[in-house]
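Each of the two complexes below includes chain A, the first together with chain B, the second together with chain C.
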Partner chain A sequence: MKKVLLSVRDLAKHFGGLRAVDGVSFDLHEREILGLLGPNGAGKTVCFNLISGVYTPTAGEIHFAGIRSDGLPPHRMAALGLGRTFQIVKPFSNLTVLDNVIVACGVDRYRSLARSFGGWTGAAVRKKAVELLERVGLADEADRKAGLLPLGHLRRLEIARALAVGYRLILLDESFSGLREEEIAPLMDLVARIRQDGISVLLIEHNMRVAMKLSDRIVVLDHGRKIAEGLPGEVARDPLVIEAYLGRGGSSRVA
Partner chain B sequence: MHLFLEQLLNGVAIGSIYALVTLGLTLVYGILRILHVAHAAVYTVGAYLGLLFFKMSGSLLVGCAGAMAGCAVLGIAIERLVYFPLLKYPPYVPLIASIAILLALEEVCRLVAGPYILTFPAELPFPSLNLLGVDIPSSVMGILCITAGILAFLWFLTTRTETGLAMRAVSQDLTIADAMGINSHAVVSFTFAVGSAIAAVAGILVGIYYNQVYSTMGSVPAYKTLAIIVVGGLGSVPGAVAASLLLGIAETLLIGYAHIPLPRDALAFLAMIAVLMWRSEGLFGSR
Partner chain C sequence: MNAYVVTVATLVAIQSIVACGLNVVVGYAGQISLGHAAFFGIGAYASALLTTKAGLTFWTALPLVIAITGLVGLLLGIPSLRVRDDFLAITTIGINFIVEAVFLYVPFFGGALGIGGIPRVTFFHVKMKGLPYLYLCLAFLALVLLVCRWFTRSWAGLACFALREDETAAASMGISPVRFKLLAFVLGTAMAGLGGALYAHFMRFISAGDFSFPVSVMLLSMVVLGGMGTLWGPTLGAVILVSLPELFRPLLEIRFLIYTLLLLLMIRFQPGGLLGEASLVRRVFSRLMPGKEAPR
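Entry: the complex of A and B
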């Protein structure tokens, strides 16, 4: 049995009367790619924000890397080795591509002001950042201002930043949306390689083909509740899932 | 000619002091997008604290260090207790709170120290200089050297250290910076501490230069520095420094040397109106 890296138990987040996430539980194992699927408004991004510390849950528990992590602020989660991307890409647009990654390489040092003040950007940090850019195929863009990159490159930059932080787990929030067909395949290869390097991936994805192909297992949410969990093939045939996506009486295929 | 050069130097000295006060305002605006009007009160408190510690210890260095530490704490307190809880509201809410803090701190100074103009009987430990027949008094030398030192420190901090990189990241997006492992709130507090400590230095320099410390000494700087950061470009540190120096020189030369019959404090606002009409992003701002 594989080790559990992230465990979510009866997680709930209510905004006033809206139950955005309502009693969701799932496990993510080490070296696993877990897909988090569901129609718009199902609570996927809220789940991400709960796991990464942006929100404090209304109820439930999150355990990450062996410690109870719900309620920890985002920078503490980052220090535990959790990196994430954002659905709407948000680079530090005035910084260069390289500096964007260097910022994310500082987790260990940000913990103490004195250390981050004393040790200005050393050669080792720079080297790590350049390696990350090579890994996502952005090495040639290192000195450009991040705000000038096209969307496909920005998605890669977000992944590079997430990798700089997340040595255990990265959360990818619709990293494939808005990309051209020829950009999708190389990015899928990249995600597959990340897992081979021993990093787990939790994936929100609207592109079904991508999600089915990449994910080891899939959890499907609808209206804040988990309606299915299992292998991609099983989930795609699940009548509840088909109903959530296509409505009652939908066809037996999820496109 | 000598008179012109002396006035020019005076202008640079006054501009330097404007720059020191404006820097804190610019840093805060850059990182939180709040117009920190109460910064001028921090500067006033800095002058009082500097005078207090100077009188207690007899050493200007101790006075300066004490005032910087006190103002850093005051700045962090304002940020933690007032601005941070108000960040979720529209920008005029923290602005009104800031005006309230300015008035309250001025009153506190008046109540504690009395409604008198106190003197600041200290000499800056810098030599006076006679350069090509132009006399540079030690107070002007001191202001120029100290300002240059602080600017060099800030430049180094923001462009050459990881703390500076973290500050730049936080000023662009607090949430994302947090997700990258930066404790954004700590960075914000640090920024307030730096800006407030610099304001303390400015307060002491003004106190010594004019030999006056009084509770409303921050009133004119409170709105003049706002005009300066608009002229320089909101949030731009080089813009704020350039605009401050230009204003100091313009005030001294146009009114002190060329005797143009305008109130001295009007210039900053004429400049602001001109900038808003023709170049609303400011001298160094970007759209």
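Entry: the complex of A and C
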């Protein structure tokens, strides 16, 4: 049996009367790529925000890397090796693309004040950041202001920053949306290779072709509840899933 | 140099130091503070009291003054920095009015009469006034600029830039918003404390009105005019805003109106300030001296 890296137990998040996440449980193993799917408003992004510490759960538990992690703030989760992207991209607009990545490379430096007094302008850090930009194919844009990049580039910048932080787990929230067709294949290769470095991936993706191909297993949410879990092939044939995506009667999109 | 020019230049140097501190808070960390004069005042009063009532010298008092101001900054910063950015502006205005009222109404702080008889700074038994005091202030300004430069090149400074740009994203990279905003706030207020001490021993008489809300607006105008987040911007802003009213005396009476107008105009038309990215000055500079860059 592979070791469990992230375990989510009966997780719930309510916003007033809205049950955005309502009793969801699943495990993510080391070196696994787990797809988190579901129609719009299913609660996927809220799940990410719970796991990464942006929200505290209304109920339930999260265990990450051997510790109980629900309630820890985002910067503590980052220090535990959890990197994430944002569905609505959040670049540091007035910093260069390279400096955006360098910020993420400093994740260990922000843990104590004393360590944060060291300099960030050294060659070693720069080299590491350039390598990350090369991995996502943004090296040519290194010196541009991040705010000037088109959306497709920003999605890849988000991935580069997440890679710098997440040495255990990376959460990708619709990282493939807004990309041009020819940008998708190299990025799929990148995600597949992340696992080879011993990192797990939790993936929210609306592009079914991408999700089915990349994921080892898939969890499907609808209205905040888990309606299916299994291998990509099984899940795609699950009548509950087909109904959630298409309403009664359809069958064309999930295939 | 005649005495008048020296006086104005000394005030410019002191205001530059205080504006540099505000720049750490506003320019580097993106926290709008409209109460910076309060910390300028706390530094001035602390130094004045320690030297007149406790009998310390300027030099023995100075580390205490900087520590006290930074500590008050820390204590006031903890609740203030937890509120949303737009509330912070309001909260800091409140801090300014409260601190001014304390100076004005608590007898310990001299009340409406303020504090007089503040001793001159002595340096190896020489009383510093005129040109030597200007040099002392410039030396401290240089020190403050060095600290600012160090800060922008430290991870802590980078963390502040990231928080200024996007707090949620910064936090997802291991940056504790509270820790680093507080650090910027404490550093900025400590610089204001240093400026306050230099001011007190220069004027030798201080009163609450010297540190009122319009002074905060003036300081913010300096930072915005010169260029938020740049190294030399606050100094340039201080040079312009302190010397202009002196050159055009009639302006002196309405200078706070001018500061406010200037603040609004800059934010509307040159949000990056004179030394900021793609500013007018920067473009003219590159036209005149191709291949060289204007200081920032």
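Please note the rule applied: the second predicted complex is superposed on the first by the 248 of 255 C-alpha atoms of A that agree within 3 Å, B and C clash if a C-alpha of one lies under 4 Å from a C-alpha of the other, contacts with A are read in each partner's own complex, and residues count from 1 in each chain.
Everything that follows uses one rule, which is that contacts are C-beta pairs under 8 Å (C-beta built on N, C-alpha and C of every residue); 3 or more make two chains touch, one makes a residue touch a chain.
Just so we're clear, the structure is a prediction, and the values are computed from it rather than from any experiment.
K.L.:
Specify the outcome, clash or fit, for chain B and chain C once both structures are aligned onto chain A.
P.N.:
clash
K.L.:
Looking at A:Ala79 after the superposition, I want to know if it touches chain B, chain C, both of them or none. Which is it: first, second, both, neither?
P.N.:
both
K.L.:
Touching A:Val165 in the superposition: chain B (first), chain C (second), both, neither?
P.N.:
Touch status of A:Val165: both partners.
K.L.:
Once the shared chain is lined up, is A:Gly16 touching chain B (first), chain C (second), both, or neither of them?
P.N.:
It touches nothing on chain B or chain C.
K.L.:
Give one of first, second, both or neither to describe whether A:Gly233 is in contact with chain B, with chain C, with both, or with none.
P.N.:
neither
K.L.:
Once the complexes are superposed, what residues of chain A are shared between the chain B interface and the chain C interface?
P.N.:
52, 54, 73-75, 78-79, 83-84, 86, 90, 92-95, 99, 102-104, 106-107, 109-111, 113, 116-117, 119-121, 161, 164-165
K.L.:
Under the definition above, what is the set of chain B residues touching chain A in their complex?
P.N.:
Checking each residue of chain B against chain A gives 160-163, 165-166, 168-169, 172-173, 175-184, 186, 190.
K.L.:
Inside the complex, what are the residues of chain A that reach chain B?
P.N.:
Interface residues on chain A, with respect to chain B: 52, 54, 73-75, 78-79, 83-84, 86, 90, 92-95, 99, 102-104, 106-107, 109-111, 113, 116-117, 119-121, 125, 161, 164-165.
K.L.:
Tell me, which parts of chain C touch chain A in their complex?
P.N.:
153-159, 161-162, 165-166, 168-177, 179-180, 183, 277
K.L.:
Using the touch rule from the top, collect the residues of chain A that touch chain C in their complex.
P.N.:
Counting only chain A, the residues touching chain C are 52, 54, 73-75, 77-79, 83-84, 86, 90-95, 99, 102-104, 106-111, 113, 115-121, 161, 164-165.
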